[in-house]
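For reference, the structures are reproduced in the following blocks.
Okay, so chain A shows up in both of these, paired with chain B first and chain C after.
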Partner chain A sequence: MSVEKPVVSLADLCSRYEGLLVPDERQGFEGYLISPDHLISFCRSLRDDVGYDYLSSVTGVDNFPAEQMEVVYHFYRTTGGPSFNLKLQVSRHNPVVPSLVPLYPGADFQEREAWDLLGIRFEGHPDLRRIMMWEGFEGFPLRKDWREPFFEDEAKPFKSRWPDGQVIRSEDQNPYKNNVRYPNDFDPEQWTPVGDDALYKGMLNLSQNIQSEFKTDQIVVNLGPQHPSTHGVFRMVVVLEGETVLSLKPVMGYLHRNHEKIGERNTFLQNMPFTDRLDYISSMSNNFGYALAVEKLMGIRPPERAEYIRVMMAELTRFLNHIFSIGFLLNDLGAFFTPALYAIEERELILDVFEAVSGSRMMCNYFRFGGVARDLPDGVLEKIKELVNDRLPRKLEEFERYLTKNDLVRIRCEGVGVLSPEEAIALSAAGPILRASGVPYDVRRADPYSIYDRFDFDVAYGLHGDIYDRYLVRVEEMRQSLRILKQVVRDIPEGPIMSGKPQYQARVPPGEAYGRVEGPKGELGFYVVSNGKPNPWRYHVRAPSFINLTSLATMAKNQKIADVVAILGSIDIVLGEVDR
Partner chain B sequence: MDGAMILEWVIKSIFLILVMTGGFAYVTLYERKVLARIQVRIGPNRAGPFGVLQPVADGIKLIFKEELVPAKADKLIFTLAPVLTVIPALIITAVVPWGTEVTLFGRTIKLYLADINIAVLYLMAVTSISIYGIALAGWSSNNKYATLGGLRATAQMISYELALGFAMIVPVMMAGSMSLVDIVESQKPVWFVFVQPLAFLIYFIAALAEINRSPFDMPEAEQELTAGYHTEYSGMKFALFFMAEYIKMIAISMIGSSLFLGGYRGPFVDQLPALGPLYLFIKVAIVLFVIIWIRATLPRIRYDRLMQFGWKVLFPLALLNVFVTGVVLILVGG
Partner chain C sequence: MMDEDRLSREEFSIPVELQRQVAIATLDKIYNWSRRNSLWPMMFGLACCAIEMIGAAAGRYDFSRFGTEVMRPSPRQADVMIVSGTVTKKMIPTIVRLYNQMGEPKYVIAMGACASGGGPFKEGYNVVPGVDRFVPVDVYIPGCPPTPQALLYGLIALQKKIDTESIKTARWYKKEPSVPIPIPVLGPDLIDPRDLSAIKERSQKKSQEEPEAATGDEEGIVHVS
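After this line comes the complex of A and B, so read on.
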């Protein structure tokens, strides 16, 4: 990766935009406000001159009763360092902002999501369609005045159930079919989906002007939503010429449950178990990210022992996620479940540890604001020591011996699905995808959180950006995780596991916070805005596997159809997180 | 040709078909058990002791399943295709000898259905027919995955048929006859696999491709094409495809054993001819095990590379092997 020295500093740039760029001076908020007219030119200088080349997150905040909506951007440097937050304030009636897709193509899906859920129109976006909801859906569900069909109350705990406990369910009072609001001329019985035909036509037109000596027809194939290797209900619309992929568009949202809306109804603590359901393979990391964001708002830090336990759990999660994803990558390559089942065997052992500490194997719900829920039970530390020092390194070597030099694996993976470092950064790819492309950007190093600055570890990165490098990066990361874990089990101190006493209701002062961790799948961020009430005002998840999918179309272009499946496997998506 | 002889043929044919269909059922169990062991699992063990009734349970389930025919499918061909696939698979082993002769009820019975002098040609011809079933199944289901699967199958089988044919010619040259009985008998001193290891390897690889087994299971590549040509099939029609695939597995193992591994030959088989079928059975079981083992361990090769491998490596190699064998045979004066 070429590191160019920024020609101007951030302060220079800010002073150049004196008057147009206003610091956000609300209590607990940081960053700058800018007017939509200057966004593009400012961001161009920000990217090209100052070096904030990585657009981590784009989202919106609805400031209902106030007639105003905010668009929030988080920029980072891939060379490391803290974020630069930029905000736009627009009218709620007609929120129009310029699209950043021409500058940062990684904003593509995130802007579509903001349009879909909040109704913010991004002028200049090449393909501004709904992404989670269906085409023709009425309203923008994340707006504060939008109410779900079984609406009960603005915020939990619902008054009908607490404190008196007389449960009245809104589905009884408001039975099915009376609860839904349709636009006036809409008849659900007569409605036919319209979005897809336009999508197919557009894709065929795009790929039509290809010269070939034969007259051939291109076909549109829908890989998914029911398909064995999309890892869930995910659809790839593929235009094929023979077996070669000419263009590809991912279609998602089949598992959409408006996680963020539910998260805004929940109290802060109720969201902790809810984050488990995002990436259900690695719930501990999700907990970690959310706990960090809220702790930033509350201004507390967990005690030493809790920090060590957290890092331990996060690294075990990384190991199990990577070994699982490698196993299933091989499955996507056509190996009949053997590598996957070998991987699952190791995963089970780690899940045993999770069960011992948290009581649950997958939905751990283990972290709390200012610590963790319980201390390690007797014997668990010995078990982890045994795993980390003996069993897991041995099994990792075994995996490597069978797979890394395997000719069939290399033939299928080398040079397939290549993503150049420039593309990877531009498309906001994160985690192993970004690092395999040769950008050694790891949040644990670039912007250390928790106690990661104390441990020795290397950031694994690849040079070619193909599937094989992503595999190698994952293997190396597992090894580095074990290295961190060895230091953790050596150094873990005795002591309390919570700062303050455990509480059912977190008191969160007003403000905003963006907590991000290096999750196994990439940068997992939680953008939380509090207005001092028991419920978050805005709860946004920067889901790594959702944003990594932005680069799928680039990687899959001109590859064979068999490779598309492997490429998708190498991105390592979990649909619970993609669709939220 | 007396009536008893015709009766004998009929009985032998029925016996052969029953053995093949029963064998199919138990090869599925065998495969599941072996796969499970390789994958640190236990495998089916609920239906009957050690799961021996599992194939029966599977069969009953498939019979009672609803048969779906896609709305825009070509119904006649859609129904015909599985039949067209399964019949060649059933008749292919007619020429494979199970042993020499045994005496039952005072009658000398030859342990093979037909000893025709063009047996190897017959094998080649019959294996080619089954492609039609697969291609038609893919085409008639009016499904893109199925069409792609059917096309892949056709291209793949045609490419590998050549290498397969050349590999099968080698034992014919060594034995000087196309009859499988003669070929097996001429392996009395030494099995052909020791004289012609390359031909056996080519035969084995090409045969795997021919019957669409891993790592050449392109036409039904689950990860890409859901189930390939039989995506739209359900119930008994699906079972027929399934049956064809497994019977072809047995057939390929039997033919391979006969051509290269000495067929029914083994120690004391001349003194005790009834040992013949047992030896053949053991050899088939070993070859089947290798096929299953490969399925459990190898990832799939990509389609275009598979074709390259077939045309650029396997085919020239097979041709060269035939040429060298011919030259050596003439020089030695065979």
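After this line comes the complex of A and C, so read on.
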């Protein structure tokens, strides 16, 4: 691996940049500020000399009404440890920042997102197009002075919701009676949509000089947005030569539901149910990440019993997610729906537990700042014990018996979609993708949160970085989850489940926090900035499936078109989280 | 559904020896009976609700009991489109196109709060507040997401609706060809081709009414195109 030589300590590097690197001294903030001119050289040293080889998150903050925008980077070492936060401040009128893609290719989609939603231009980015919205869309929605067509108020709760027993509907307030807004003097008949021709042309040019025995035409094929193999509304544009994929570009945003804009109008607690709808297969983990971020800001910790309940729910979620994703990976390999039926059978049993504790099967909304919403009802712990000690291990064995040594599965998966460890780190891959490539990096171990430091478990990792190893890593992680769960149900104490009184309006002091958990898909981070008001000033989600997709093009190159479907299945994306 | 006393009524005299073999019904009844029991949904999931749709297709809830198990990935082979999730502006042109490509008779189920009216994401700038702004919806299912039972109930409600239809009035037997729904265009915001003149008029009126405020609004926004 590339991280054998941290020759300089972080303090040394910072002293070398004395004067250029200023500590962020605002109350509640941490990290350093640097000027755009020195970003590249500093980051090169940071990566090569100090060993911060993993760029976890890139995002922007609009400091309106101050004429200033911030770009925030979070770096980690894949050998473990806390983060290094770096910030850039640029003018709001013409925010230009050097792109980190040459150093950390994993910044690719994240920088495109910051350009799309905040209008920060990244100089040197190879392909700075809009990513969530379409080319031609008016304005940068996450800027604080940009108002959506259904704008009502700066922050919730809206006063208009039920004045004098009357409902005021946003569509009645909008001049177009719909969720739209156009520039002044706009003539729709004169509008020519920006199509995808430029994208297709560029991709064909890119892959022009290929030596081939036969003279064949290259063709562009769109998989999606409505395609049974794309796990939702996701589109892959591929250039094919015969059956071989020469290049691939993912196109997303078809489920961009404006989590961050809505989240910045919501109060802190109102965001909790919205996090459920990010990765809608594993809502409990999303709750966990968000609760951690806000608790960090508030400086509180949940009581013992709540911590155990949280870990229990998070690990059940991991099991549920992995078994579901393996079922659907088999779908993608062509074993249509039968393996998924086995998986869904177990999923339903876990959903029963979730429904019992939270009242909802999928959208649990169960975590609160400083605890969980309610205690386990009678009989649920017994049910979980039965699941963990008997049913789930048994079914996992059965699942493995059918699949792990199955010739067809192995032929289709081994050696396909390979991602080397260096590539995986550089592309900021996370979760099972990173670990299957041979980097045993798990946030639960590398930077333990909650009470994970108390449990015995192994970090599963692969050696080949192909689809089969990703499958094996998921199976092993399910086994380790069961191992953790056995310890949890053995040790869970009695006691309160909330620290302090449950409150509708969380009092969050000003500052910033980055809370991250090892979600089933990978590192799930929440970057929250508070200015002391009831709603967050900035609310950003570091979505693992979104960033894992950065590596899709690398994995799919020179593979067969049918294997691309399986490769996508092995990344295990959920579009709610990709597009947010 | 076709119980004996409703089929073989007094006014139709069936010889005694044939009474257990022959049934008499109206053509509508037989036609609807066969259609309602083989509703093929389009295999098309948008968001969270799609997971519950999969749940409804799987062993525990098993909507194939009601004739809906054959999910077709192609709109040409599907009878019912289950709009299972948030409809975004970027996605709506595709959804309208898929709807146009479905062969008659076709039905639309808006599954969940988002598809019915925008749901929790209604205020979002990229969200279409309800799929019924573009395609006609037959059944709305509330919930976020609706449980598989609720989806089953919605499918049964659709079957009930089909029972009330008649060949005489069915729109797919009309002489005029059916008119496809115009496909929305992605402009500076979503453009509905049916509202072109209204958009133009309103946009001009707005610029006369509030030219100052409008320019103030645009400040700091770099035009992309």
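As a convention for this text, the second predicted complex is superposed on the first by the 551 of 580 C-alpha atoms of A that agree within 3 Å, B and C clash if a C-alpha of one lies under 4 Å from a C-alpha of the other, contacts with A are read in each partner's own complex, and residues count from 1 in each chain.
Heads up, the rule we're going with is that contacts are C-beta pairs under 8 Å (C-beta built on N, C-alpha and C of every residue); 3 or more make two chains touch, one makes a residue touch a chain.
Fair warning: this is a prediction, and the values are worked out from it, not measured in the lab.
Engineer: If we overlay the two complexes on their shared chain A, which of chain B and chain C does A:G139 touch? Say first, second, both or neither.
Structural biologist: A:G139 sits against chain C, while chain B stays out of touch.
Engineer: Examine A:S170 and indicate which partner it touches, taking first as chain B and second as chain C; both and neither are also allowed.
Structural biologist: After superposition on chain A, A:S170 lies in contact with chain C alone.
Engineer: Could you say whether A:L341 touches chain B, chain C, both of them, or neither, answering first, second, both or neither?
Structural biologist: both
Engineer: Looking at chain A, does chain C or chain B touch more of its residues?
Structural biologist: C
Engineer: Could you tell me if A:N331 is touching chain B, chain C, both of them or neither one (first, second, both, neither)?
Structural biologist: first
Engineer: Going by the contact rule set out at the top, does A:E148 touch chain B (first), chain C (second), both, or neither?
Structural biologist: The second partner, chain C, only.
Engineer: Looking at the overlay, what does A:E189 touch: chain B (first), chain C (second), both, or neither?
Structural biologist: second
Engineer: Please work out whether A:Y452 is in contact with chain B alone, chain C alone, both, or neither, and reply first, second, both or neither.
Structural biologist: neither
Engineer: Considering only touches as defined above, state whether A:P228 meets chain B (first), chain C (second), both or neither.
Structural biologist: Both partners, chain B and chain C.
Engineer: May I ask you to decide whether A:Y471 touches chain B, chain C, both, or neither, giving the answer as first, second, both or neither?
Structural biologist: Neither chain B nor chain C is touched by A:Y471.
Engineer: Once the two structures are fitted together, what part of chain A is touched by chain B and by chain C alike?
Structural biologist: On chain A, the residues that contact chain B in one structure and chain C in the other are 227-228, 337, 341, 345.
Engineer: Can you tell me which positions in chain A touch chain B when the two form their complex?
Structural biologist: The touching residues are 219, 221, 227-229, 243, 330-338, 341-342, 345, 406, 408-409, 411-412, 560-565.
Engineer: Show which residues of chain A lie in contact with chain C when the two form their complex.
Structural biologist: Touching chain C: residues 92-94, 119, 130, 132-141, 143, 145-152, 170-171, 175-176, 178-189, 191, 193-194, 225-228, 232-233, 253-258, 261-262, 265, 273-274, 277, 280-281, 337, 340-341, 344-345, 347-348, 361-363, 575-576 of chain A.
Engineer: Tell me, which parts of chain B touch chain A in their complex?
Structural biologist: My answer: residues 35, 38-41, 144-145, 148, 214-215, 217, 221-224, 226, 295-305.
Engineer: Name, in rising order, each residue of chain C that touches chain A in their complex.
Structural biologist: 43-48, 50-52, 54-55, 57-60, 73, 85-86, 88, 90-91, 94, 98, 118, 120-129, 133, 144-145, 147, 185-192, 195-196, 198-200, 202-204, 206-207, 211, 214, 217-225
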